[in-house]
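Heads up, the next two complexes both have subunit A, just with different partners, subunit B and then subunit C.
Let's look at the complex of A and B:
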């Protein structure tokens, strides 16, 4: 057996007190870390300088951690029309995203299919490759969370490099990949006893009891297909502000627009992409002003039907992960779970 | 003789804040002057060059007959005519007087009303054809430069048509409406300002006028739920763009 300087990192450790602080300092000292921090009364994923900035008790963030991989604004390349040259944007350094919840991890798994399979997207994939993901199971549940009924939480089974679970004052850290194991190297660690998994399961089943919101997913495809002309859509058309917030905060929305930012010399510039949204009127507008989804109800339906009906044949999964951000961001409190329940109820009462 | 595109800047009834934004473009002003020639810009240059001009920016609302004459002349001498700021786009702040009889308004302000020949305040497209609208009170500098670049290149400049909410979310500003339950005009107001007011924790004032497909009636109902009095709701929707179809629906909703 090869002799290594430090002892090997076990698959499962429990960290608390100084050891946990030491771990945080080690990671934030070595990597560019992006983690949940408080902003006003909300939270955002932001670069961490001091480990104390991290708020591990966050429930949700304004934008999902998707923004690290599929960035709101991403420069694709810069150009010089006089020289006839293109320079591709350089990729960033290796970084760590800290504390991603299971719903957002499932959303990233969906984006991996969108941007990684049929038409591999080099920008997304590069951001994905140079990022180490530390996920965190949810032991607390937000008022808009419904991941339990989507099968995307509150516990994560796979897909991250390291997985944290809050055991109350101490954290269970499970190694998912070798990339994740690397983060722990340099610490003096002893393997956690298997019995700690019982404690973990206890915490998670307590969390499962806390959900107040649920989505009716049984027969949802049929329900939506048969109710395309239900009066509820007209009601939503009158309510919806078409502001686009629901799609901006969605962890599985992947649409973007491509724009050229030209310098004042009118010769050089950058081509960049930025998030776009099917809720916006101009999204489906084509030449001569024709618009395929001029009516607001058509756009509301497009959003909900895409997440709950059209995704499955495209990507083999539902497009909603139950993070509840669209509900929390809506000024009119339009609630996708409520829309589905009401459809189901009206069908039930018709029988 | 310069071969650079000639630009003119006109002022009607306004505070001059929008044309001041040209001068506030200081970091790129020299580059801008390298690309265009300010041929008629009384606030910045003593010397005028006669038209025709390639791009004409008109600031301010039309509030008297003499301004209609000047506006029509501006239209004739400019290839592209632009409404610069919300006054020129919609009537802007001067248009708040439109819901009070002219006689009452004039006598409230002037000692000798007989000398004043004012009319209802309208945006410039009430009288002439307008090629582009740069919204805001004042206009956004980046949008102004973006517009000039697009026009010089002969391409459609990217002016965001959607709501302020989009920019608020892209920048992750705390939601003034949902979190603070303050009457924010963001959901129905055109973006392009970078959600400036919400970035400072202040509700959007709606200065950029209605966004694409703005649902002002629904937002007015929400304001009412937030406890805003009917008269305050009316004031919010009439502050900058009360003459627009969308915002007048908001003012009439509750």
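Let's look at the complex of A and C:
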């Protein structure tokens, strides 16, 4: 058996120029990589064939990388209408998701709680296990970003396999797990001096100065509990189109619908789950047409109260990570940070 | 890893028509191992699959002590339940469960019990009645108030004579079609409150029915002095998983599928979202 000799991979390296390119080529050559690529004026997480497609300077993506783990369409199993269920084939392919930002990493940590507890979800967990996550700290801030207010960015503390920080033309690469270290093996690397962390912190602290948007989080739970009948909800009801875009782009939304897809033989088919939205009329509708959230304001409140009030008792965390996607996706420019600020202001002026 | 979304196969062994739109099905798991290990609590539900149509949450209507089989009493009002209406003995369905909270039977021993049910809402309470019949000494006074639209819409009528040997059964219907004989009350189920013998002291209330009915039941009983901490309600919400993942059944921070469907009334009264028409506010 051939033995390839390689030097041990250090915990922290700085890569630039050819070495950085070599790293990208190594990873994209060995794994199925999903990373940020430009599509028109926006970015999406898409399969990478050529490392040049990766746009490391992306600020946000249309859909969060959640789609890799909690997929928009997921076949649960195939069935035969007469015999019953058939076993579902398991996909075992290991992949790398490249360049996930800290807000989206925190969202994945929340989904881990949703899908990992009580009745663990095998589909989600399989996707998690098969994936190596390369995260990237944010040194640039988008116009709708407010992760700083939520304590979910711009720097990531833990949870990824490798962590990248742009130091301006060169990248600090920190090893989070042995799965991550594996990606670097094969390269001739020297450990980075610890002083490079000073440069990293400088970049991150510069990023913290760039936030324009913030969320009032202090006393937010009390604020919401006491204002369930505030006139602002009626105002929003007139604004909101209930299109569900905010929930489709949300990295922590986990709701889904389940449908049976039947084949043309009317005998075999698949049960499939699909992302769903609490903003849509049918979401809470039951047989005979009864709908527990028929009014649009009830649905708007459900989304915002769930994110900012109900996740806490459910999963021990706020349900918003400050990615700002819902603000950007809303055609009526409904802004969750603005709604909370206005609530807080109106309560303040009533005092 | 156990896949909580893959149903077990069950065979329909008996089909009994209850009313024009409601049927009671008796099921038996295909796998012997499942038959021997599977159990449930009174008040829990199963996700029933009609392959190719979909899955729906349905309460279990047999008693937890009835072994070797289980029953569901199904009103044919949606896609899955209408597809179920075409099934005959020998046909198979998928079953996942049992899910959710049951009625707090341990909390009922040594107490009086008042059951108030409307329409199909009697189905998840039948397991409690069967438990009472099986171990009558553990409960004090037991009274069942049951309301339906018409006499022909009443479920389990063939069992009423036997039930009456164990519990006080009082019936009401909203209306009586001409030519139908009816010796009981006409009116909504709460009109039975004036003639019932249940008193607030040491009595636990279990109720299931349309939410509007439960609203007036709870409101009326609170007014009569029944203790809010001894009232339990069984809620209906849309469900697609039964295990707290799909999110559809949420009421405030609670998942009806796993924190319910049986809730202590006070737990719901504390939520910001209006439940039971905001009764108690």
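Worth pointing out:
In this section, the second predicted complex is superposed on the first by the 341 of 351 C-alpha atoms of A that agree within 3 Å, B and C clash if a C-alpha of one lies under 4 Å from a C-alpha of the other, contacts with A are read in each partner's own complex, and residues count from 1 in each chain.
In the analysis below, a contact is a pair of C-beta atoms (placed from the backbone, for glycine too) under 8 Å apart; a residue touches a chain by one contact, two chains touch by 3 or more.
Because the structure is a prediction, the values reported are computed rather than measured.
Taking subunit A as the reference, the larger set of touched residues comes from C, when subunit B and subunit C are compared. Applying the stated contact rule after C-alpha superposition, one finds that A:254 touches subunit C and leaves subunit B untouched. Of the two partner chains placed by the overlay, subunit B and subunit C both lie in contact with A:266. In the superposed pair of complexes, A:36 makes contact with neither subunit B nor subunit C. When both complexes are overlaid on chain A, the residue A:275 reaches subunit B alone and has no touch with subunit C. Of the two partner chains placed by superposition, A:180 touches none, neither subunit B nor subunit C.
Of the two partner chains placed by superposition, A:64 touches none, neither subunit B nor subunit C. Contacts of A:51 after superposition: neither subunit B nor subunit C is touched. Applying the stated contact rule after C-alpha superposition, one finds that A:319 touches neither subunit B nor subunit C. Overlap of the subunit B and subunit C interfaces on subunit A: residues 259, 262, 266. Those residues of subunit C that touch subunit A in the complex are listed here as 1-7, 9, 30, 51-55, 75, 77-78, 81, 92, 94, 211, 236-238, 240-241, 243-248, 250-253, 255, 258, 272-273. The touching residues of subunit A, counted against subunit B in their complex, run 39-42, 44, 62-63, 72-73, 238-245, 248-249, 259, 262, 264-266, 274-275, 277, 280-282, 296, 328-332. Residues 76-77, 79-85, 88, 114-115, 118-122, 125, 224-225, 228, 254-260, 262, 266, 269, 271, 273, 276, 278, 283-288, 290, 292, 298, 301-302, 305-306, 309-314 of subunit A touch subunit C in their complex. Those residues of subunit B whose C-beta lies close enough to touch subunit A in the complex are 28, 31-32, 34-35, 145, 149, 152-153, 158, 161-163, 165-166, 168-170, 172, 174-175, 177-179, 184, 186-188, 201, 211-215, 217-219, 222.
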